[in-house]
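Which chain is which? They are A, B, C and D, in the order written, and residues in each are numbered from 1.
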Amino acid sequence: MPNSGLSGILTTLLERRPFYRTTLDPGALQDLCRELLAEDSETTGLQLAAAVLDQFANLPQEGRAAFFQYLNTELDIDAQLVEKLAQQYAHDPSIDNFKQLSVAAEPRRQDLFRRLNQAPGATAELVRLRADLLNHLRDDPDLGRTDLDLVHLLRSWFNRGFLVLRPITWDTSASVLERIIAYEAVHEISKWDDLRRRLQPADRKCFAFFHPSMPDDPLIFVEVALTRGVPGSIQDVLSEDRAESTAEEADTAVFYSISNCQAGLAGISFGNSLIKQVVRDLSHELPGLKKFVTLSPIPGLSRWLDTKGQLPEDNTQKALKQLAAHYLLDAKKPDGKPIDPVARFHLGNGAQVHQVHAQADLSDKGLGQSHGVMVNYLYDSSRITQNVEQFAKNDEVAAASAVKTLAKQGAKTRLADAAG
Amino acid sequence: MPNSGLSGILTTLLERRPFYRTTLDPGALQDLCRELLAEDSETTGLQLAAAVLDQFANLPQEGRAAFFQYLNTELDIDAQLVEKLAQQYAHDPSIDNFKQLSVAAEPRRQDLFRRLNQAPGATAELVRLRADLLNHLRDDPDLGRTDLDLVHLLRSWFNRGFLVLRPITWDTSASVLERIIAYEAVHEISKWDDLRRRLQPADRKCFAFFHPSMPDDPLIFVEVALTRGVPGSIQDVLSEDRAESTAEEADTAVFYSISNCQAGLAGISFGNSLIKQVVRDLSHELPGLKKFVTLSPIPGLSRWLDTKGQLPEDNTQKALKQLAAHYLLDAKKPDGKPIDPVARFHLGNGAQVHQVHAQADLSDKGLGQSHGVMVNYLYDSSRITQNVEQFAKNDEVAAASAVKTLAKQGAKTRLADAAG
Amino acid sequence: MPNSGLSGILTTLLERRPFYRTTLDPGALQDLCRELLAEDSETTGLQLAAAVLDQFANLPQEGRAAFFQYLNTELDIDAQLVEKLAQQYAHDPSIDNFKQLSVAAEPRRQDLFRRLNQAPGATAELVRLRADLLNHLRDDPDLGRTDLDLVHLLRSWFNRGFLVLRPITWDTSASVLERIIAYEAVHEISKWDDLRRRLQPADRKCFAFFHPSMPDDPLIFVEVALTRGVPGSIQDVLSEDRAESTAEEADTAVFYSISNCQAGLAGISFGNSLIKQVVRDLSHELPGLKKFVTLSPIPGLSRWLDTKGQLPEDNTQKALKQLAAHYLLDAKKPDGKPIDPVARFHLGNGAQVHQVHAQADLSDKGLGQSHGVMVNYLYDSSRITQNVEQFAKNDEVAAASAVKTLAKQGAKTRLADAAG
Amino acid sequence: MPNSGLSGILTTLLERRPFYRTTLDPGALQDLCRELLAEDSETTGLQLAAAVLDQFANLPQEGRAAFFQYLNTELDIDAQLVEKLAQQYAHDPSIDNFKQLSVAAEPRRQDLFRRLNQAPGATAELVRLRADLLNHLRDDPDLGRTDLDLVHLLRSWFNRGFLVLRPITWDTSASVLERIIAYEAVHEISKWDDLRRRLQPADRKCFAFFHPSMPDDPLIFVEVALTRGVPGSIQDVLSEDRAESTAEEADTAVFYSISNCQAGLAGISFGNSLIKQVVRDLSHELPGLKKFVTLSPIPGLSRWLDTKGQLPEDNTQKALKQLAAHYLLDAKKPDGKPIDPVARFHLGNGAQVHQVHAQADLSDKGLGQSHGVMVNYLYDSSRITQNVEQFAKNDEVAAASAVKTLAKQGAKTRLADAAG
């Protein structure tokens, strides 16, 4: 309990200044922030930081909007001052001039966030605060300035080198596991027995990244099935009565679900690192594994097809596979990257389109978003660097030749007129 | 081993580009930095980051000087651009203008340091890099600009809320303990048996702060003796043949040694937090403890006395105590704070001068720096906040009344003419 | 995984002697036992031990009966040999004669059990074997000889000094927690949310004893509620919408459920040790706790009342409390100890009857076994030793004076004729 | 701290009966033992057990001799009773008769030892008690009866399945490491730096068995060097300035030192299990390892040569290797097993004589016991079972053919007359 030492001191202070807890108006909160920004003493600073976070957590939504507004405008850069100091520094690049410019050019809210982060448990609270900020951002896009500053700091605090990879098993604590249940975003976990089926069998694995200051709260996790051969449907993977096998017999690791856990860390990506490290660790632990693939949804397929026309009535499954391959390889945004967000993620990580499967996700969600089609992306260590470069520089989508053939067929498929 | 996943990938790359390791000229290193700053792919970025750190670690001193020069000048702010963008933002505070200004106003070396910190083990390497930078700073004060940026980031990465307090005992790993031996700065530990005497007895404790990304390397540690009454000399505390007692019998916890471990974190203070948390944890564990004091050196006393004149030949010990009290309470820097650095630290933390002891440190070092006088600072939870404020605002030195009396006597002591 | 080293060796052997797994007839098993008893090599012995346990686990019930029969008769003492060797030792108490007698006087099945216990995971399997033996014992009481031997060894292996007390919390692994759910014998846990309510609140605790060779499988556990005052009903304790409080506010620890987990360890008692250690640990952790009581069922009350007559129709609750007190204090077995098994347990541990509550357990089970009456036993450290002695020597039941008064009233209560 | 709960209760009792600690005469101790054997209450029993162990630990040697005498005679079997009860059981094998016979046939000291073992920390104290007993056994061989009983129980408590294998590294706690330094029996460790050289390099390993009730005190440990090829001398292995390599490069694991730690566990062998498990674990961790050999002393060689005659003056090293091979393969005890104890141990485990090296241990001890010759025993998994059987049944010493050739040459070597 590294932080426990402070709660007592805080209590003392709060008793001395009872308005901290009781007056929940934004004005009082802003006063506290101003005090905190001016405070030299570490001890008092920590008390104030805890008080600010406490007050914020108890503010109603209107109060929060006002508080974000305060951060966005009153704790912004003083652009005229920056201009003046930049002139001064251009003229004389002394350390003192540099320091003045550095301080002025950083919005004061950054300093505030950093001071808040000193308090016990503060990192998790700032992540929640950002989740809240993102909600307000929809109504008030101007708050994007504050968001830029907060993301800048969160990226630094959630530095890749600080993250810890931990296997999630049936021996993991219930307090972590209940979060896995809650956070699973791709293929819902309905209850503890369902979770057990994904963790306990010898041919199932799960890994998560944690930040040391949030040891019970995963940032992102991936669920893995160890199989012989590449499975063609999620039903096969999740089936309750499948024949369990041993990890040693498997030749393929299938990443069938990757879930981000913290809404407040949106835009700070951990998925690529997670996959790469799990590939590496599993390769070492199970030398029999020869292939690392995902079994991924194609969230944008149905929507894209709708814009194209109506599906043919016969040969639907075959046509669907062709159209899905065409979509994944050829449907691009104006910037040249694929329309499909999951494709963008894996291709950007250096994976390649490996296989396309029809009737692979028969859940309502799967049928709705992609007519049940799923795709495997292959992580082939020997080609990742090359794929990354060619995708980054030339928008080149790496794919197995069979998929390329499918895509060509898909490109020729005549869809009935949408309005038809 | 959260980072192990990357070393293999890196190896691959290094094999592909063998010049990474072999060409140790600063130019090649700068090229790598430029590549890293331009890199979009996380995978390649991590490889480049590792390569930069590896090259730097193998550079000779001249090469490092050139590299620091490069960071300081070529990766500095473009002040004219900042000026222009500040104008633009003053005129139109759009998010885009804000973003441009923010990016421009941050020296590119900050971005470089952040990218470097992604690599496995990088945080410790950046701490070492700063230790090196501080050495070069003596010859080239202009590097202070780069140092400001690096400290700014280190302060964020070594955020108080990320630190973990761990007790250091005879059950701690040898790899940590050998660092405790090496880092002890106040009262040297000569060998393992000496260390054991400070850790194993029931009336001895030791605590250290660790950062999660440097789990074997303490940042700061404090050694504590549990005693009945306040000990008047360090010889009593460290004596080999003292009578050991139980922790439960003690009424006083004596912080007799506090050592910072990382030269590269100079200026980023952990001592205050460490003391406060140890006070809190020990209070909880051992309710019999009524007093928390230090047994501290007075490093500036001899030097200060030398400027005043010669010590009287008789009554030396009594006079020394009076003069020491006078020095601690009254000898101030131009800014009004005490001359003595240890006094500044503890008084700034809210402690007060409790007792002064002559013949309390008879080691060469102790006799040299303070004629053997030591001082107890008292951490009294009920008065810390008040002391902090009065010291910060009015430069008021809190002290026991007996010490105040001594100081008054010391102020009247006539010293023989220094030249005499 | 201390035992993993053996599975590979075993695999080798099993491949060489494939009949080990396939021939599941008791004769083959007996052959294996004979081989094991004769084996000098540790390596081969471990292989044989694993094979015996494996075969036994796969035997159908008839085969097991035959196997137990084999243990009971063929691996029994050779009484004539013992007689001869005892004579010889009486005549010449040499070491060699002692050794011969010792070996002969111990049934060979004890040696077999010890050799079996060397195999990886064997201890848990022998516990299961004994659970099975107890089942067969009902039909074949003569197996009691084998049971005596097995209990003798289990008592040695489950030596009090080897057991480890671990808190069970919501941070405990799911694999342990699902066993807690399964093993709870007193107040059923219906699902994970129900378990969470007993573990996660700050005023709830749970502790279990574990044996190092069965680290995921508790031997016994106790559930504790921290309260202000002694609660009068289990409904209060388990209520879903009760007001949660902090551990520090509590003055009373209530042991409201104690469950033995291993049927195969019946007759080997851990409950007394568990309670004593939890009392000690909680006292240390929470100095505010002044009272340690159980909230216990009275499983024999209804049955005993049935033999006495019919309950009065009015004043039932008052009468029930009096009769319950009378039952607990005065209803004795021929040996002078209380009829009620829970009372025998707690009184034998040195507790005393503290309070009796009507309408305290309104579950079907509670109403059935004791008309809803429950009792608190008080563990008062200052009186435990004395209570133990007086209960052991004089069958004296320690009780609060109010309970004694109740019991006297109960003794006078006229029950309607049972046949009435 | 599973046992901490009892110390408080014990303290209470000890305060009540102060003679426990002060009267250190064997008579008082025997009274305590009688009380303990008669005690029904677990609580009081634990107090008495702790008191017995405490008194014993404080007894002077004469007192201990008397105490052992008491155990050996007064707590022995009543042979006449056993005779009677055996007759009775032969006549009527009822459970009750069985029980009576079982109880009578077990010396009461076994029951005493078991009761003592319940106390906190008792297992380690009983191990020390046996070490003491072994010392007294030299003067009083009759105590061998008591020793047989104690070994019988220790073997049960130190059951192979309870032991835990832990790697010993430079990250291991100092409290364990200082015991490694103290216990190393084969190649002395002079100080911490010496230990570090055996633990920290990537091509060095160490493993130890622990019992859960003695978590800081190893039972046995083995030191391993990972090498390319089989090293021919211990100097090569321990050299301070050898070139360190990585574990992955090694093809051979060399077990160069195996030390038993607990004198009180003499005769209870853990070495075979330890080697087998380390072979298995290292094979799994480092698939590049192809050979597992020891680098072993030949403690009986010099003594045996002395009985044969004088070594030739020229060609000594060659002759020594031949004679050593001859000694290892052909010098047998009357029972057909090798004279050399280390050879007996490894050959009994299924190893084979692999190579013999002259000038392989130039320390005083090495030159003294074997003229500097050492031997590698090879653990070849595919041949262990076969070797064990042939050694057990036919006294066949497995050896490489080159060693067999050497042995034949050694058998022909003419030694000068011993009386020379």
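The rule we apply is simple: a residue touches a chain if its C-beta (ideal position, glycine included) is under 8 Å from a C-beta of that chain, and two chains touch if they have at least 3 such contacts.
All values reported here derive from a predicted model rather than from experimental measurement.
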Equivalent-chain rotation between chain C and chain B, CA atoms, steps of 5 degrees: 180
Gap in Å, rounded to a whole number, between the CA centres of chain C and chain B: 55
Centroid spacing, where centroids are CA-atom means, of chain A and chain C in whole angstrom: 49
Centre-of-Cα separation between chain B and chain A, whole angstrom: 36
Pairwise touch network: line, ring, star, complete, or other: ring
Pairwise chain contacts under the document criterion: A-B, A-C, B-D, C-D
Complex contact set, residues of chain A against chain B: 2-6, 8-9, 12-13, 40-44, 46, 76-77, 79-80, 82-83, 86-87, 89-90, 93, 95, 98-99, 101-102, 105-107, 114, 117-123, 141-142, 144-145, 148-149, 152-153, 155-157, 159-165, 212-213, 269, 272-273, 276-281, 348-350, 381, 384-385, 388-389, 392
List of chain B residues in touch with chain D within their complex: 170-175, 177-178, 192, 196, 199, 216
